[in-house]
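To keep things simple, chains are lettered A, B, C and D as they appear, and every chain counts its residues starting from 1.
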Amino acid sequence: MILEKIVSEGLAHNSYLVGADGAAAVIDPRRDCGVYVEIAERHGLAITHIFETHRNEDYCIGSLELAKQTGAAILHGAAMDFAYGTPVHDGDEFAVGSLQIRVLETPGHTDESISLVLTDTGVSPDPYLVFTGDALFAGDVGRTDFFKDRLEEMAGKLHDALWQKILPLGDGVIVCPAHGAGSVCGGGIGDLPLTTIGYEKGTNLLLHLDRETFIREKSTEHHYIPPYFAMMERYNRSGVPPLAGRQVMRPLAPAEVEGAADKGALIVDIRGPAAFAGGHVPGSLNIWSGGLSSFLGYFASYDRPIVFVDEFNLALQSAEAQALRIGFDRIAGYLGGGMGAWNKSGRPIGRCGTCAVGEVDLHAEGQFILDVRDIRNRTAAGAIPGSYHVYAGEIEGGLAAIPKDRHVLVYCDAGFKGSLAASVLLRNGYGRVTNILGGMAAWKKAGLPVEWTGA
Amino acid sequence: MILEKIVSEGLAHNSYLVGADGAAAVIDPRRDCGVYVEIAERHGLAITHIFETHRNEDYCIGSLELAKQTGAAILHGAAMDFAYGTPVHDGDEFAVGSLQIRVLETPGHTDESISLVLTDTGVSPDPYLVFTGDALFAGDVGRTDFFKDRLEEMAGKLHDALWQKILPLGDGVIVCPAHGAGSVCGGGIGDLPLTTIGYEKGTNLLLHLDRETFIREKSTEHHYIPPYFAMMERYNRSGVPPLAGRQVMRPLAPAEVEGAADKGALIVDIRGPAAFAGGHVPGSLNIWSGGLSSFLGYFASYDRPIVFVDEFNLALQSAEAQALRIGFDRIAGYLGGGMGAWNKSGRPIGRCGTCAVGEVDLHAEGQFILDVRDIRNRTAAGAIPGSYHVYAGEIEGGLAAIPKDRHVLVYCDAGFKGSLAASVLLRNGYGRVTNILGGMAAWKKAGLPVEWTGA
Amino acid sequence: MILEKIVSEGLAHNSYLVGADGAAAVIDPRRDCGVYVEIAERHGLAITHIFETHRNEDYCIGSLELAKQTGAAILHGAAMDFAYGTPVHDGDEFAVGSLQIRVLETPGHTDESISLVLTDTGVSPDPYLVFTGDALFAGDVGRTDFFKDRLEEMAGKLHDALWQKILPLGDGVIVCPAHGAGSVCGGGIGDLPLTTIGYEKGTNLLLHLDRETFIREKSTEHHYIPPYFAMMERYNRSGVPPLAGRQVMRPLAPAEVEGAADKGALIVDIRGPAAFAGGHVPGSLNIWSGGLSSFLGYFASYDRPIVFVDEFNLALQSAEAQALRIGFDRIAGYLGGGMGAWNKSGRPIGRCGTCAVGEVDLHAEGQFILDVRDIRNRTAAGAIPGSYHVYAGEIEGGLAAIPKDRHVLVYCDAGFKGSLAASVLLRNGYGRVTNILGGMAAWKKAGLPVEWTGA
Amino acid sequence: MILEKIVSEGLAHNSYLVGADGAAAVIDPRRDCGVYVEIAERHGLAITHIFETHRNEDYCIGSLELAKQTGAAILHGAAMDFAYGTPVHDGDEFAVGSLQIRVLETPGHTDESISLVLTDTGVSPDPYLVFTGDALFAGDVGRTDFFKDRLEEMAGKLHDALWQKILPLGDGVIVCPAHGAGSVCGGGIGDLPLTTIGYEKGTNLLLHLDRETFIREKSTEHHYIPPYFAMMERYNRSGVPPLAGRQVMRPLAPAEVEGAADKGALIVDIRGPAAFAGGHVPGSLNIWSGGLSSFLGYFASYDRPIVFVDEFNLALQSAEAQALRIGFDRIAGYLGGGMGAWNKSGRPIGRCGTCAVGEVDLHAEGQFILDVRDIRNRTAAGAIPGSYHVYAGEIEGGLAAIPKDRHVLVYCDAGFKGSLAASVLLRNGYGRVTNILGGMAAWKKAGLPVEWTGA
């Protein structure tokens, strides 16, 4: 049996290829689906089935793209009306070589969510592995907050799917979820390559709750919803446009970058906080390359082109892949020659303040300390005394509360989101902005005073 | 300056990417054009120009595919009416960063053939390099036999293009031709990575002829014309269909291979002569993987699917690429698990005789010795005494002269084309066929008697 | 957590890299250990610990090589006296970042065998995964036949290690064994990428036996012991010689191959059965590339050089890697240009007969049908009526029983080992040898009569 | 014929592999010589000859390393006493398959410098190509300043080698030099992938000089000599230590980096100027990754370990390769997790000022404008009015002239060397340092006033 997990970094999205005897199935393929074709070729497998565990909100499903290349059947839960593919129901079974894949309807995260039980019929009729989609993760379960008027209902459905469908499969069954640590689809996903039902039963605290507590917990927990989720939902329901034959990213001269910005392009600086601080294209937004999957969807729009700026252009391919995976296909290009080319052009250069935690004077006058972390981290880890909170992703909507005439000290967990927020402030005319490098992590390591804001 | 030569093995086709200052031109791109995009990305270049030195007869031009991905302009000679791109004329100049590319009309191989003179304006106005397409090769010049009623006219045009346009560029100018050794576009192309005008003037015997002799020589020389050339001409004039999103090759079970053959698929065994001889799918055609570019176009048809058979499936990707480059997109798949899977299925297995040169008895009765080499090699290198000649590519049309009731001993240069011819004989009901391994090369090494058939 | 399984094909040997927080451990590294360094680099991990689950009999341990490159500590079971590394004992614990690795002494396969329990202390003190070495496989357990005078003792030790140490870890614990399907270290290892204790308890029939039956079963089962195992044991105990700076494999001309053979080199033809049959270097041994790990160690010797012969030289790197992994460092080279170069040299060419199962006439006179499969397959799957059995690996010792004046029809499971045996017969002067392509698999698919030889 | 140019970026060093008929020669191999082995394997070539065009001053010759792996002969000029290899003399000829390599003694750059004339004997006895080492480059000739007491003598020797040995080979001969644009071995090397004798005769201004002027010009031109050249000379004469089995680079925690620095390690920040300015490890030296080959040898010492600091750890492998190529094998590791890990540790963070050219006030008081370019660029391109010059590589020796109590504005060509110099100032206690981003390139683009300092 071939089992490969394909991780889309940034999204922390897991897709899987499983195969035997010349045939293979792909579970939750991403849009740049060459990787599945390549694995299948390497092992002499024909991809015959594509399963979608659910509609997915956080990335573009690659099923249509992959089906076109392979002729495979697309299969998804029946409880949503997709414009393509074939609905499957609880108990449906599919043969992939000697493997059998059985459908479990496991709603809760969404209505049409399914899990897929894999049995190696050559060995035994016992279930071997389950692809749980966004139902069960290592150390967490799927979020159930997408239907604001059905919060408890969805939480209850998820509870029942877990307790009635998934957990009874047996402690020894391997669990392959659709997301790993860092995904926006679950706040507490553990950093494990895979898990088992037994391990989750022992260690996943949500599985220790009774039904009522589980529902209360899940229906009140807080998650952010990036605005691009709406587009993903539409795309994934109706069919994602094809990538094939798309125009590739190209280098732009400084004058072209400037021209693109003048016509509305979003200039995204994908470098780290220090590089952005030391010199950047004025007006650019700073999302470090590893954060594009999480934050580009808060700031980019589907009808404005994107231009990337890097230092030595080593992270551009990752940046492009991350943008395409969430549907931002209008990438005008990147600054050819990197930031150095801009500098050499003699154009103005933006800067931002930085400081180490030891340099912060909590009693300085005229300053405004801004916390841009996930509110859950603020609650859980404490905050710099006197700081005000707006989440980095939502800062454009929260500017009114941030005084323009003060020295704004921004911080986050480690300094990256802080730089993102700082770049938004600079774009919006704030004059004096300083990013506290190292953020709350450094603050606590340095033993500085912490304020607890309560749950 | 970036200069990369991209060789399509088998076709011995050279394409080139040349670039500087963020911009690049591609000369004669092939259809699977990801390689150009990848090189351009690696060097931070935008592909802005695509030049076609001529219509090309032996492969599918990738200009449309590459233009779609890059937005580059397609430029070709004005003397043919292409359905796409922009015609260019003698003296036209194009800037690619600091490089200048100037058009030379160099007809002879075809009417619209052009050469492209590259100058690095940052260094000097002197020409630095010339892309000669099929006008001038290392050790040879382009074939001029495509217009049967204008043989002398075309040879004369080529002469004039060489003597009036290319050779005067100067001895120190680097020559980058469209083909290397082994191409069907020139019989005597030398195995040099590139050459110079000076080196060719010194060593290329055709350049030592006077105009009259050159025309006589060129208008009487012999070349084969594979039937697929007609499709290439049509495709390249009107636009090659897109590759993007095409269905990928998949493994087939023995029963599926059998079924495909029953419905008219061509089963192509891409292994070497010994493997084919020791056991093959009955009815399969044997073209060793390295010979697909040269021979598939003689036997495959554009409306019948192809199935590849390999031993350990290590050469399939090369086989697929070779087929696609000459437009055979209907690849049904390949025998999954290789020839061993066929064997295990319990089906009948074909065999063919082999022998070493030392085992041939020229005086044996009832045998028929068949030479399937290029006729030029027969003339130049001599032949096994008493052998009859039909070119391997044309053997299907020459069966009438080959007696079915005799033991047919086939030979070629080294044994590969011999196996191809043997497979055709077996497909056509010949009962006793033996391929002389090592062919004429072995025959001569072993010091066996040679018959000279005259020029 | 990073967990990567590195499979050495052919050996079906699994090694693992597990890491977190900048540190990593490697379990049972192979000799060509660049792969671990590369994975560690990709994830920013320093390899700090190397664990050997046991001395290993079937390949060269790469610990010394990897330790030299990384400075990592080498750790192995205390019950054997290794010339390097540090002995560890039951209960010893090692921290690798936030991961904890605990030693379980699990003798049985060998005395010093250990298993390694992995706990992610950031999640829970529960065991997450266990590296079981050769104690527990998917669907099988380790062989216990290495100490001929202690067969029951070792089987009993293994039983107790399984029941007292491994199985109690809990059903949800992931099991990562040292071998996959096809290994000589277990006859019935299932083809699963990994397994769990719960899945094994449910599906591994050996775990359903009581102690007494388990011991009887294990102490009477049959395994082959290739002669190279003795060298592996010596190497792995005293330290494998370094690979670094070793002379690389080079192409040889036909005359050089001939010369090497004359001086005692073993010519190993790594092509498939049909290719060997259709034409080979006289005197060569045919081990198909995928079978080198299993059979080279039966026929090669550590003081004679090896020369590989391939068709198109696509499998040479795999062949070299397989040879080096079992310590055959004296690789003189390979036939440059492949078998075709031999053919072209005009030298004699060997041949072997082949036939499909349908062509076998059980009643033909003067023939001798030879079964060269693993004896367990003969017992389990039945045999061609009237066939005689010698295992392919041991055929050189069994020639006395095979009549030289008869037409020997060889068969195995699918045809590969049959060709190996046929090549040995030809090397030993047998005049008429035919390999039944497809072997017993084809025989049964074709519905031909089967003889049951009993257990 | 196979001809591949292998470029070591940063060093702008060209090595070459040329081969035919199963054999290959490598010219001027670098130390990490796997690339030659890989190319040879891909083409079925045995590397039989290694030629060194001269002793080389700027990198470690890889001949011993490559010879160990391949058994090839090492050949170098007879006029120096190497501790390994075989001396060759003018006119010596070597056969590499059908290729012939003939030695030309071409002293001038050094005494033992040779050029190698390649002839394809299968085509013609005419020379096809010449490997010119450091004698002739595209647009330049080798530097002749290594023997301070023999400046005119060496320049004269080079003149004679060029005019008597190389130029007479013929205009059509391809020229493959040992360096490309950016090398410290020639100030004016053009950015051409290769050149020809004819093109150089037409465009290389040094070849237009008479002997006397050539000698005057060459014996008075200015080149820098990095201190590591002395070690390269020693290494290359006596034999470079083997790389094989060397300990690989590993990630270090912030505390380990700090500890290493305390014990004398050199912390090298390989990021760009803006990143260094925005936040760096206090005391670190900033050499951007692309400048390591040129500048590490000015600042590192062979007995102190090096620690690299990057932002996202994407350039570490290049950094390690560059260090090893110039013999800095003592690489303690790199900051695991990149600069962000340092920030999170709560430690102090260094900063440096930056500004755009438009922000410079030439009349500001208390400032000191420091030009750290190559003096030739200062002369050729002009300078910022009132600026003082010290070359970046030599700044540690020039600190006395730079006032510590002034605001030092550093600039160079584009901003990278400026940041290097700024980092040296900061390490030496300068309090107020600003790097002018974009340097002289930006200054001139912005139309700001230029001061000409004369030749």
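What we mean here is this: a residue touches a chain if its C-beta (ideal position, glycine included) is under 8 Å from a C-beta of that chain, and two chains touch if they have at least 3 such contacts.
On a predicted model such as this, the values are computed, not experimentally measured, just so you know.
For the interfaces C-D and B-C, the C-beta contact count is higher for B-C.
Matched by residue number, over half of the contacts between the chains of A-B recur in the interface of C-D, chosen from A-C, A-D or C-D. Centre-to-centre separation of chain A and chain C, using mean CA positions: 42 Å. For this pair, chain B with chain C, the centres built from the Cα atoms lie 43 Å apart.
Chain C and chain D have centres, each the mean of its CA atoms, that are 48 Å apart. The set of chain B residues that touch two or more partner chains is empty. Contacts between chains leave no pair untouched here, as each chain touches all the others. Only residues 22, 37, 41, 44-47, 65, 68-71, 242, 244-251, 253, 313, 316-317, 333, 336-337 of chain A touch chain B when the two sit together in their complex. Against chain C, in their complex, chain A makes its touches with residues 1-3, 20, 120, 122-124, 126, 128, 139, 170-174, 190-194, 196-203.
On the chain D side of its complex with chain A, the touching residues are 271-280, 288-290, 311-312, 314-315, 338-340, 342-349, 351-352, 354-358, 414-416, 437-439, 441-447.
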